[in-house]
Amino acid sequence: MSEAALSASSGKHPEKTVREAINEALHQEMERDPTVIVLGEEVAGGAGCKGSDEAYGGVFGLTKGLGPRFGRERVIDTPISESAIIGAAAGAANTGLRPVAELMFVDFIGVCFDQIFNQAAKFRYMFGGKARTPMVIRATAGAGLRAAAQHSSMLHPVLTHIPGLKVVMPSNAYDAKGLMIQAIRDDDPVCFLEHKLLYETTCPVPDEPYTIPFGEAAFAREGSDATIVALGAMVPRAVAVADKLAAEGVQCDVIDPRTTSPLDSEAIIESVEVSGRLVVVDEANPRCGFAADISSIVAEHAFGALRAPIKCVTAPHTPVPFAPVLEDAYIPNEDKIEKAVRDVLGA
Amino acid sequence: MSEAALSASSGKHPEKTVREAINEALHQEMERDPTVIVLGEEVAGGAGCKGSDEAYGGVFGLTKGLGPRFGRERVIDTPISESAIIGAAAGAANTGLRPVAELMFVDFIGVCFDQIFNQAAKFRYMFGGKARTPMVIRATAGAGLRAAAQHSSMLHPVLTHIPGLKVVMPSNAYDAKGLMIQAIRDDDPVCFLEHKLLYETTCPVPDEPYTIPFGEAAFAREGSDATIVALGAMVPRAVAVADKLAAEGVQCDVIDPRTTSPLDSEAIIESVEVSGRLVVVDEANPRCGFAADISSIVAEHAFGALRAPIKCVTAPHTPVPFAPVLEDAYIPNEDKIEKAVRDVLGA
Amino acid sequence: MKYSKDLLVEAYTTMTTIRQFEERMIKEFMGGNIPGFVHTYDGQEAVGVGVCIQLGDDDIIGSTHRGHGHCIAKGCDIELMITEIMGKAGGLCKGKGGSMHIADIDKGMLGANAIVGGGPPLCNGAALSMKTLGKPQVAVSFSGDGSSNQGTVMEALNLAGVLDLPHFFVFENNHLAEGTGDEYAVSGEIVDRVRAFGIPCEKVDGTDFFAVYEASKKAIEHCRSGKGPYGLEADVIRFDGHFIGDPQAYRGDGELDDLRANKDCLKIYRARVTGESWLTDSELDELDERAAAVIEQGVQAGLAAPQPTVEELHNDVYCSY
Amino acid sequence: MKYSKDLLVEAYTTMTTIRQFEERMIKEFMGGNIPGFVHTYDGQEAVGVGVCIQLGDDDIIGSTHRGHGHCIAKGCDIELMITEIMGKAGGLCKGKGGSMHIADIDKGMLGANAIVGGGPPLCNGAALSMKTLGKPQVAVSFSGDGSSNQGTVMEALNLAGVLDLPHFFVFENNHLAEGTGDEYAVSGEIVDRVRAFGIPCEKVDGTDFFAVYEASKKAIEHCRSGKGPYGLEADVIRFDGHFIGDPQAYRGDGELDDLRANKDCLKIYRARVTGESWLTDSELDELDERAAAVIEQGVQAGLAAPQPTVEELHNDVYCSY
């Protein structure tokens, strides 16, 4: 069943949370393909303990049910050794498995970054095309849970910078399922970033398996007055602003790239060719960030159409603070997005 | 003696290579301040061996002479344990020393990235301003030595993205000395990236110590027809192109930011306000890269002055290949820079 | 009397303060007064106190995500801690660190650390400062059983051995890393792992303050006297969840009741000191009450403290920029 | 005769091929025919061959920056290797990897690795595939003494122990990491470090092919039979610089002459097999000549091979994008 067909008929589908959608994708792919395994800390939980066989099913519950269903041989709890986890996934991917490694928090790439960016990402190129590394690195990302500086980063700009990696960031449950299934079936290393604040959000999600191709943006709203590009948890906020402006008769394209690498730059360029106005919203830090990346692509390839400065709405150049009032001020909010859109419209 | 005064009188100063300039800076600061130490692999070399007391003085010779002069207590050879090296430097910086840690190749940040981006970079913020982390991480960067995918990266975009880090990349020996002394005296963690291909390049360098403030760009050439921003080893290439065009009567500003964080965005914006044309040249990969960063700043803050699309001349979105013909095609060269400048001039 | 009364009183005061502090944090968290993720130290008091009671402000400790007990044992101010943990202005870290990043450099508390294994490499640095500057201090890193599997910790052990750093590596083996047992996740024994780096290491009952105290005394003297690093594996238990709110599905039937009944380091301490008639029950009860009062005052102060001003978001990223 | 003639001939052929290969690479590098950084394996032949001679194409090895010997021992094509090392089209990796990233997945050679400690975590993955897919194969990682200090290697040891992976960890202790001695940089002993993870480990004389062969035989059988990981520390020596062109200022007076005279694994092998009259000098000489011919042909092919076309720059970053 094609994505289009599914979306069209999506009304008929049951509402599911992002958590349920990803969990369902994992279940269906492990069912379908015996070479798919899941590994990481607490993916089942309870190993070496006297209690339940599945103490956690992932600290955020994303892998719940997989352990009991597929057994600990395919749902592997690991020590706190992220380099060993990612390395094992990469080496297994080179030799016949399709591992889905959970990094728990993307902030932990610091202790395993070499295995991601120098190993998994580069094998195919260094080895002249002979290696395949079909692995998925799942990690939760983003601020909002008061988890402070070392548990609230986005880091997709760092991953997007690395040639050889694919980077996925769903903004809703429907995309989350289709992108996860695609990620598992994909033959390249994929970093799959799940925003903490989206896990409980719902939308209709088909029960049957389906894939969403990488590098195809989704239009969360359509309109020719301005173009808003937003990712992950920023998409609903951008949509809220677009809807508010629509009530005033101002129509915006809200483009959700869904994958930052590959990137659907065509969709963005075409939209700006029409609107002439661009606001990029991203929760990551600004310097060498994703908003800058989109801005530069448009400034080079759609310059002629631009009728206003490109506005980037991002987190500030600071770590994520703990105090709720500060964290709330850190995350781009609807007011800031709205102001930026009005600025480019006014210019 | 002020930087200006020194530059003015630079003709009188002896020619030194970048290697000599950095080495001299290290000598002078260790002489001046007993809390400055150097640690890393082979910074002296020969530990636990039967041969010379200083087998290497750094694999590229940057720390030569420091071991014999200051002793192994302050010039510390380490095991191959980068997380332990950076961690030791950060912890020492919090407790009274000013460590200069050598990472040998910046490509090795993958095995110590957490100690850099989650620890050293964030202490001050997380601890409410109570911590100081005056440390320097020296690393050689860049392609050109046929060292292939795991020894030829730039990675300054990744470091520039991280709040709490300062990132320095000298393009000549004069700047290298002044920036290194500033880096050692600076109270924040500084990543000091030395391009392999620049070590042997020379210019007049004063014998006495001097500092160059961070966040102040240098103008390698001045002109009002176009603005070229280039970093590190790209600066001489940009200058060569500017000189070639100057012979045709086209005058370009060639701006060398010297530090990517902090960044002298004012200098770039002011230049573009005049020229209306911008080309950014960077050896790093393009996605969420430094060229994109500069482009986005200008597209937001100097949009009104822009008379042509912003061109980014970067490496492609690929790892660094081994074969010389391929590596030469990977690195931005004068032809590509010239074409980009002519494009923005023609537009 | 084998131990001075001052020591015995200080030890109990600190242990009961930590215990009551954590029980109160759980209450305040459940009451919605504490944001984020909080990991409590209750059950492990004898380790943090047995070690830190022998340290001065110039000695340095590096802690973990489970850092409250280490902070209190190292002398951090209760009121400022609670204010920090509540994310308020005036907290130890101006409300910007929280429970997982609480630190007090002035007290030699180099910080909790939300990255497992983040601390030991940093404590090597503190120890390197001491060695380089010729100070007789010691750096102490606390790690868990789970943390012993992190490469950064093992690298730190080796480097400390290579440079003969005055670094006391304390491993609190509470047999759990979130919901994973050390029996499963630690191949071999922690004590042997430390020794394999040429570092002397002892294993003690971490529920017995005196066992921890004696072993640490030896270790700290060893480090201070320039003999290099030392290790300790403390066999201990975690009284509550990994984090506040943890369902603890990994616990066996009656496991917690049994632990609380038979492995409570405060009960064990009380039995010993009253049995030896070093202290009386009423003396101990009074210390409990004093601690309660201090915590109550801290909680009220924390609750009353204002939110940080929004400008704070941009401060203290750099010393200068 | 304790060993079959085939085995003895194969062992010597491979060892002399590696030795002559490396000596020739040094010559070609000095002659300007090889770009980049090259680390030669000469002196350590008995280890790579003693281990790999017992492996099939389905068994996997993970190598290091010093990978030529492991490649040859695992059966990689000499001509394709030289073409790769020269950075030419048609090389094992199309000229895109070079000496530091040479790999041959079809031969079970998972790659040299320019990141010290990069390989062992990956070999765990290969071993995990074997275990998961129920194959009787083994994964072998090669590491150096310096590499034993990298956290990734220690994490890999622990994980292999936890998951009982069929992973044979071979540590080639040539007592040097660039210009740093293991005496200085390795606190404790490598063999004890491996054992501390609950992994059986032996230490053998790495200049004695037969010692390596016997220990590896046991280790590989152990792994294949599902008993989990095994370790080996081979006491060996490096005949040349860390990289070609290394001034080797860290060597003591006469150190190299002594090593070459008394610790040359080829001489030691020759003495043993002729002494036992398993093979004659003339037989061995003939094997030397055959190897020389193969290498000469490979060098000529490499020199004659064309440069890659510039389009190659953009190929093989992804399977699809």
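For reference, chains read A, B, C and D in written order, and residue numbers begin at 1 within each chain.
Keep in mind that, in the parts below, a contact is a pair of C-beta atoms (placed from the backbone, for glycine too) under 8 Å apart; a residue touches a chain by one contact, two chains touch by 3 or more.
Note that the structure is a prediction, hence the values are computed from the model and not measured.
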Contacting chain A as well as chain D are chains B, C
In whole angstrom, the CA-centroid distance of chain B from chain C equals 40
Distance in whole angstrom between the CA centres of chain C and chain D is 45
Chain A and chain C have mean C-alpha positions lying a whole-number Å distance apart equal to 36
Contacts with two or more other chains occur in chain D at residues 93, 95-97, 101, 113, 115, 118, 149-152, 155, 158-159, 162, 184-186, 317
Check: chain B positions touching at least 2 other chains come out as 78-79, 81, 83-84, 107-108, 110-111, 114-115, 118, 125-126, 148-150, 163-164, 316-319, 321-322
Contact graph of the chains (line, ring, star, complete, other): complete
Listed in rising order, chain B residues that touch chain C in their complex are 35, 37, 73-74, 76, 78-79, 81, 83-97, 99, 114-115, 118-119, 123-132, 163-164, 166, 186-188, 215, 262
Contacts from chain A onto chain B in the complex sit at residues 83, 107-111, 113-118, 121-122, 125-126, 148-150, 157-158, 160-164, 260-261, 263, 284-285, 287-293, 295-301, 303-304, 306, 308-312, 316-319, 321-322
Interface with chain B, chain D side, in the complex: residues 35-37, 87-88, 93, 95-98, 100-101, 113-118, 146-147, 149-152, 176-186, 248-253, 255, 307-308, 310, 312-314, 317
Listed in rising order, the residues of chain D that touch chain A in the complex are 60, 62, 91-97, 101, 103-106, 110-111, 113, 115, 118, 120-130, 132-133, 139, 151-152, 155-156, 158-159, 162-163, 315-321
Listed in rising order, chain C residues that touch chain D in their complex are 149-155, 157-162, 184-189, 192-193, 195-199
